[in-house]
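Once you've had a glance at the structure underneath, I'll fire off some questions.
So that you can tell them apart, the chains are marked A, B, C and D in the order they are listed, and the count of residues begins at 1 in each.
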Amino acid sequence: MSELIRFGVSMEAELLDHFDHLITERGYKNRSEAIRDLIRNELVQEEWKKSDAEAVGTLTIIYNHHVRELTHVLTSVQHQYTKEIITTTHIHLDHDNCLEILALKGTTEKIRKIADQLIAMKGVKHGKLVMTTTGKSV
Amino acid sequence: MSELIRFGVSMEAELLDHFDHLITERGYKNRSEAIRDLIRNELVQEEWKKSDAEAVGTLTIIYNHHVRELTHVLTSVQHQYTKEIITTTHIHLDHDNCLEILALKGTTEKIRKIADQLIAMKGVKHGKLVMTTTGKSV
Amino acid sequence: MSELIRFGVSMEAELLDHFDHLITERGYKNRSEAIRDLIRNELVQEEWKKSDAEAVGTLTIIYNHHVRELTHVLTSVQHQYTKEIITTTHIHLDHDNCLEILALKGTTEKIRKIADQLIAMKGVKHGKLVMTTTGKSV
Amino acid sequence: MSELIRFGVSMEAELLDHFDHLITERGYKNRSEAIRDLIRNELVQEEWKKSDAEAVGTLTIIYNHHVRELTHVLTSVQHQYTKEIITTTHIHLDHDNCLEILALKGTTEKIRKIADQLIAMKGVKHGKLVMTTTGKSV
């Protein structure tokens, strides 16, 4: 971790008051941490605009494991991407529905492609990709 | 406008460096203004979670004015909400397509309802609501 | 407008039931129109991933016109982009706050750049860009 | 799973053509599956507007495990929510950075609250909540 720098920020009393209220509600201990989080979030979004940036993503899918061949196909496809898929967590939600979470590492373009392919499968009811970071630059 | 308050924020040198780079690219003159914008954006999003908060919105719709009755119906509906619709700007994009922008003021719930109703109309190809603020609390 | 095509869609009764409920609430007259809107929205988002696609956008900004020089600077900057800015609508929200809506046409990259620059200005409290379409391809 | 229903959708040839192109790129085998996914996504977003709806979420956080006490505090907090946290997957990204993914089940309000609290912690660099579904209603 690099050296800590301290700098001043000016703000109207009323705006600061609203901000303090919001971050207290969200559980922040101090303004610096809340501001750093806003900044990091902005930087991560920016990284994901570049298709060749090295990034981390997690894909959450909900699927019905009774759909014929789905479990088999999901496994096959995931095996094509062993370089990018770090791990897969599987949770049995109820008799029909499974929750599967994949941790992915690679270029933003590749991660998006894998996510699109898995979400498109018949039986996968819902899928969402979280675009996050390797943590190196934030 | 209320009194200006100055406070200190601490951050790793590397994170600050990335932030400075981003805000320069976006045209910010200084960090305070960029941080205030991040904070205001967060507060506006929070306001829109309350259905009865007084807010401002703009609705952008793209429609084909050749669709039978559409222009007439759009006008009729808008006349039901003269209290909320401050103004409507109309632009002729090409021979077929119109761009219409409505400025709205009211509760977040009412603004959403008007937007839903107009976007749902046959002939309205695309519609998006911007949720912004009266500016009073930010 | 091109020829109308009709095709079949299959869906679980329960899912269709939930969908029918949702679109009735939003004011849709029939499923086809609601499905077309979901599709168009997806296509517009896709268009905006290409930096050189011709698009339409509207920028909504809220600003305090008492901030020194802001009105003047906003006008100057807007005059640099007369090719892209089709029209500007100005609304006096209260004694301090203005709502300004710009209709823009150009490449997605250029529209984003103009939006970034205006939102970054001191005194502009909140700004949001709506990314929409020329209507030609949807 | 409930009975399958088939219904007709009408669309301009050109719009359908663009849609077919998009879904082929994303790996869909047929239009029905792509349309069902668009619909389910809309329904899931709608569910998350109700604070007391039963839902499933996954929280992805990136943190620096060298930050004093963080690992300990993260574990303590998670133990307050054993009813909602189904499982936690931990991945060592590099010497400093950890990726942690929590699968959560509960009301949308409770899931959001847990996510806010964990994201707010000092040392947690980035956090994103995926709002998904138990799969029962979609």
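Points to keep in mind about this one:
The rule we apply is simple: a residue touches a chain if its C-beta (ideal position, glycine included) is under 8 Å from a C-beta of that chain, and two chains touch if they have at least 3 such contacts.
Being a predicted model, the structure only gives us computed values, none of them experimental.
Listed by label, the chains that touch subunit A and also subunit B number zero.
Averaging Cα coordinates per chain places subunit B and subunit C 9 Å apart. If each chain is reduced to the centroid of its CA atoms, subunit A and subunit C end up 26 Å from each other. The set of subunit A residues that touch two or more partner chains comprises 1, 40, 138.
Under the stated contact rule, the graph of chain-to-chain touches is a ring, a single cycle where every chain has exactly two partners. By the touch criterion stated above, subunit B contacts subunit A in their complex at residues 1-16, 18-19, 22, 31-32, 35-36, 38-40, 42-43, 46, 137-138. Of all residues in subunit B, only 1, 23, 25-29, 33-34, 37, 40-41, 44, 56, 58, 60, 62-64, 66, 86-87, 89, 91, 93-94, 96-97, 99, 101, 103, 105, 116-117, 119-122, 124-126, 128, 130-136, 138 touch subunit C in the complex they form.
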